[in-house]
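Once you've had a glance at the structure underneath, I'll fire off some questions.
Every chain is named by a letter (A, B, C, D and E) in the order it is written, and numbering of its residues begins at 1.
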């Protein structure tokens, strides 16, 4: 298996960054990790995961879609799309790596979202297997193996070396492009690392979380559950869970009048927001209960209903640590679960 | 922001003037043909207390380099107390902008009575110069509104 | 990046504005051709499909295309004044350009399930707009369909959309029965007076008809109950929905009812399909 | 304490004083505690919790709850009582429908601070003589208790309950706090340094609105930033201006009303020290217009709704401190 | 989509000389919503207005922008024109391209560019203007006159004459003011009392006039047509309704050494006193600072001698609240204090007096019974020096920058009277300029010089030094002869500057009227509205507005009365529609707006609402009384949710202007 010694990782990053934009997770001053554009000298974070998910690379918080010039009765449409630059995201965890395939099922199905596709086509996802999962992790519940992450390229760290394995054509090309810096080596030590990680996984408090009772077939049953009232009563209707979530993909389209033209942009939106579904003549989801229900129904029921049973959650645990009032999908699942 | 032929930086100054004192003061400086720079554009408000901090930020967003608020002298407010509220609001707002590292000289409150045409012109001259020295507003700009 | 993206709209030109009722206007929209001339349609559609119209900086909203696909010259939109954008549209003059993207959503199954069937159209108020597209499509392909009955009601005579077309064209067509009603007695009106659901019951249409219904939610609810009382089944009745649609392509996440996206899986639903969905509309 | 609270709640439910209780409900881990409403003794026994992680200020929920039928029992920490008083002053709650039991406050712990030490896989936390013994799937870890204290409690301003119907335990005093230290530190930086500091912080903002939605002073029927009619509606922190705009205006809107409960910074998923903006206003108000503590009472005029004829001029900003 | 008409005024060459008006009209014609853009010589002329009216009709305009002079000049003109053409007058906006553009800039290119931007801002604003309808509010048919001097008296008499109730509030125990203290008036030399006292009596006898003497205004609420005024009737310890003014108490009071302010402290009165014989109301007043009974509880002489039992030592200040439709301010003037003018030895020598003191010294009812004697030794003065402009036309902080206007004439009068009565007395007048612009004024002054041989010396007195022989050494310079003079004077009379009464400033705050830096009330417009304040329903009478002599004061008093009568004649007045309003759906009921409203225009109600979640809720919401609101907008900023907005200056309108300017 191709590998590089951990103490040489900087030279690898330098080499990649020379050719294309490289993003790696780095530690912030407040201790949280975030993806940053690599510059020589940056140290990769040892954190389990970044505070914000990696979806930003393909589905940024805001992006301009199109511009208009208005004059008299005339409107001029300006297509401002540009070919994305090639880039590499290094160190994506298994949960986030899976999230891309979920986003793909939204943005790459007909009609294809060219803005998303553009970035997706030009981005190489290099994932990294987990070794120190946290108590908030529950990716296993969604069939994700954190010791075998998806991505164009998968990586493992045994403490001395980082091992590379390409999974896609794009990934292969990437590994080829850095192969001069890699060496072939014995990967047997990884088995121990994986086994240890799996042992830890089994000890995690959420290890026994089951998705068995969820899916598209119990739509009305869950929709009409009496539990929603109690679950949603303390929800403050902010968008934290949505915005840290790697799979939440709702957006709003808005116009910004610059004074010299209109910029039409899209930005993240949250189904938890009170005006998310508001329209000129009313709002179909009038209470926080309905909005709260929408979010979890979408992940646990609607998404699987439309996508062959695949859930719209990857168990990254971000919402578990970030929700201001500590309400989250795990609590919802446990409360709703039909025994 | 506007750039004239000799490329000297020409700041855009938005002046909010209360209808009763400062707007009349501005009129008087016109009546007396007292020059002040074209950079200054006046917006008439009934009272300085009508000026919402949002208007000031909005001006900076849209490309203003300086915002000045003019009202009746304390005690002379046409509405008795409006400018006293203005004074507190703007003191706190400006202090907050300062706290965020926005240049202090981009904002100002000045009391100009209807009789102080000369003061109005002098204030505008002085303020425009002060803003000119700072250069274009960068710290509170909205790049989307930047002129191509 | 040459691929078309549906989020990037086309330009349409408003070439005619017809005042239908005090709060409904019908706008004729043409495309701008490559040579700069104005004419033809911005895109083709099927009856029941929608388009996103927008005035940049004012707003963007989904409207059903009220003209029939058989009309090759232009598209029409009947729009009721109810918000920021529609106010703006109502105030504009002929010659105004707008942005338009689409077509979005599914259509009434005019080429499949509806083919050869006797059709009953039930509309209330501005609800006629999407059905008009189907009615005219049926009229232009008359041989493919059986009897056509139209029940249309509105608050008053002045609120009947497309009244002139109804009187001059639909009523004069053979094999089309038009039943108009208004909510309250009015001078100059010698037709039926009463609410649509009751009128439908009174008319007692034959049970072999396939029903297409559109109107205010309360009208749909009562009419459907009435139809059921008469013996109709949910599989015979189609409607078209309206929920907040933003992207038009089932991605932005706001128009779903259960797992269905109105903008993509709808807006046309058969009632038995709707019955499977959560009660959230 | 938890025991005493549950007993008190049961008693008040039983004697009909209240028909609901707002408190905290235990979660999956030791720290993920959710504010919740309890209606029966059974629910209280099963889920009610009060410990080092019950930091959430429940007073904002009372805006809605106090308008419902019947009286609700609210357990309020000293800092929470200031929020309630401020809401009462602004007629946002119906105080008559609330039965306040004052409970001793913090210091509360912040799980993020424990995690920031690299401690993960947490399955249990115990405080033994101000050393936290943390059980994890990776073995037991320890850290000093004080290092895990949440920011809001680390600069506690008061242990005094300013409104209550009943107290459990002794009432405390208003404290000399160090809460303005960081504001002062920033004030003493150069404008460029301050600008860089805030750019770095505010650029992290993802506009999740958690700070606003949790804030007991932000109870507007419709926030200007959500209202398309307001002309300043904005949904995303599209650029540095909008990041500034939202936080400046939000701080301005709560200036003179913010009780400094610290919830904004507690809930910020990006750890932006938003409370510093509020504290800057509080500090300015105190120094320019006299000491004022929002929520201390329900009658005094908020400093921005009042004036004196000899207030300082706005130019004081230009005259003092570091440029 | 709006249909906006833009009209650019040349204002002759006032605008057109520095602004390319054609280019402005052309540029603004391209702005969104503009359907017609024209320029014209004089927009405010009738044909200019017709241009607007015709365009409104022809193009079915939904908004009009006039680029012209200040809206303070002609906003109303164009609003009326729009209304005449059927367009709501509040759909008109003015872009001020004269005072704020053409008159202050010289470069045509930049001035034109600025004019376009100002026009653009007005267009952006007018896009969002809403048609407004002015409400009406009733007029209370009663006037308040604050100050009972000749100005107040005349105003009150005129208003009463027109048939309206009128109250006079006078802070002194009697009306009459300064004129009562004056001996003779210029230029006719007739007796002041002979003119004034009949008017005072008329006031007391007129059924429509109610005099609140020894009273002060302490609070003013409300607005034009509907003021609510709190008047403090200070305790005078004498029951006004019982006192007959017999004066017995003032003779028997044992406290004899109270400085008599009516005689400028030149003699004494008792602790209980009637200021002067013709006082109106003729009622005694006890001075609590000197009355033994009030101070120590021992005495009670006055009470014993009063046959009608009018003395009431327990009397308290009384507050009454009255409603008025109009308020006339007539607070008058005072001579400035001269303690800063040590060079004139005013505080060192009793023989240095002010002109007003001289009036009393020469008055038959004065301390010397009308014989002019030196205060120090009661001897006849043989040399009198008058010093003009003491504190007037002064550029330092000791005095006033303005000319006190009346000094030249009263000094000529004094000099003439002295020379007439005491021909052996030499009179010197030191002046900077002699200003006599009034009917028969210059003739009067020339008589003093030519007929009465008063020595007018152009020059300033440098120093007055009391000498050991009781004389005063006056050092002065004669500018015309260019020499230094020393005059041995028996008396020196200082023409002290006059200043507004000290009560005027707090009153102005209560009335929300403006004052200039000298504390004179500011008229709404010096030429167009000289007797009105900028605050509707408040009128200015007499010297409170600026220095005036008696004829001018009386003329202005009548003018103010006429304006007040004009208001009182109306049954109702049109309100300003540019007032605040609250969007109840967004209102939090937090009371912030109420706390900053200076007019108490905001109240709260509990109302039932259908909430967005389809429940109903009772919510506390603000509502604005449009008749009380004056439209300052303080509430709009205090309101965090933006529920409170201001008609005519809405949040969106102002932001649209900001956007247009910064575009």
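We adopt the following convention: a residue touches a chain if its C-beta (ideal position, glycine included) is under 8 Å from a C-beta of that chain, and two chains touch if they have at least 3 such contacts.
All values derive from a computational prediction rather than experimental measurement.
Trainee: Trace the shortest chain of touching neighbours from chain A to chain C and give its length in steps.
Mentor: Minimal hop count between chain A and chain C: 1.
Trainee: Where the contacts of chain A and chain B overlap, which chains show up?
Mentor: Output, common partners of chain A and chain B: D, E.
Trainee: By CA centroid distance, what chain is farthest from chain C?
Mentor: In terms of C-alpha centroids, the chain at the greatest distance from chain C is E.
Trainee: Per-chain C-alpha centres versus the global one: which chain is nearest?
Mentor: Answer by centroid distance: B.
Trainee: How many angstrom lie between the CA centroids of chain D and chain E, rounded to a whole number?
Mentor: Distance between chain centres, rounded to whole Å: 53 Å.
Trainee: Please compute the C-alpha centroid of chain B, do the same for chain E, then give the distance between them in whole Å.
Mentor: 31
Trainee: So which stretches of chain B touch two or more other chains?
Mentor: Residue numbers touching two or more other chains: 53-54, 58, 62-63, 75, 81, 85, 89, 144-145.
Trainee: Could you say which residues in chain C touch two or more other chains, in rising order?
Mentor: Within chain C, the residues that touch at least two other chains are 84, 92-93, 96.
Trainee: Which residues belonging to chain D are in contact with no fewer than two other chains?
Mentor: 224, 232, 238, 304-306 - these are the residues of chain D that touch more than one other chain.
Trainee: Determine which chains touch and list them pairwise.
Mentor: A-B, A-C, A-D, A-E, B-D, B-E, C-E, D-E
Trainee: Residues of chain A touching chain E in their complex?
Mentor: Spelled out, the residues of chain A in touch with chain E are 70-72, 257, 259-260, 274, 283, 286-287.
Trainee: Touching residues of chain B toward chain D in the complex: what are they?
Mentor: Against chain D, the touching part of chain B is residues 53-54, 57-58, 60-61, 74-75, 81, 84-85, 87-105, 107-109, 139-144.
Trainee: Over in the complex, which chain E residues touch chain D? Could you list them?
Mentor: Against chain D, the touching part of chain E is residues 585-592, 595-596, 604, 617-620, 638, 640-643, 651-652, 655.
Trainee: Once bound in the complex, which stretches of chain D touch chain A?
Mentor: Chain D reaches chain A through residues 27-29, 31-37, 56, 60-61, 111-112, 115-116, 118, 120-123, 136-138, 206-210, 212-214, 226, 235-238, 263, 266-267, 269-271.
Trainee: If we count contacts the way the header does, which residues on chain A are in touch with chain D in the complex?
Mentor: Residues of chain A touching chain D: 30-32, 46, 48, 51-52, 61-62, 132-136, 200, 203-206, 230, 233-234, 236-240, 242-244, 252, 254, 256, 265, 267-270, 273-275, 320-328, 330-331, 334.
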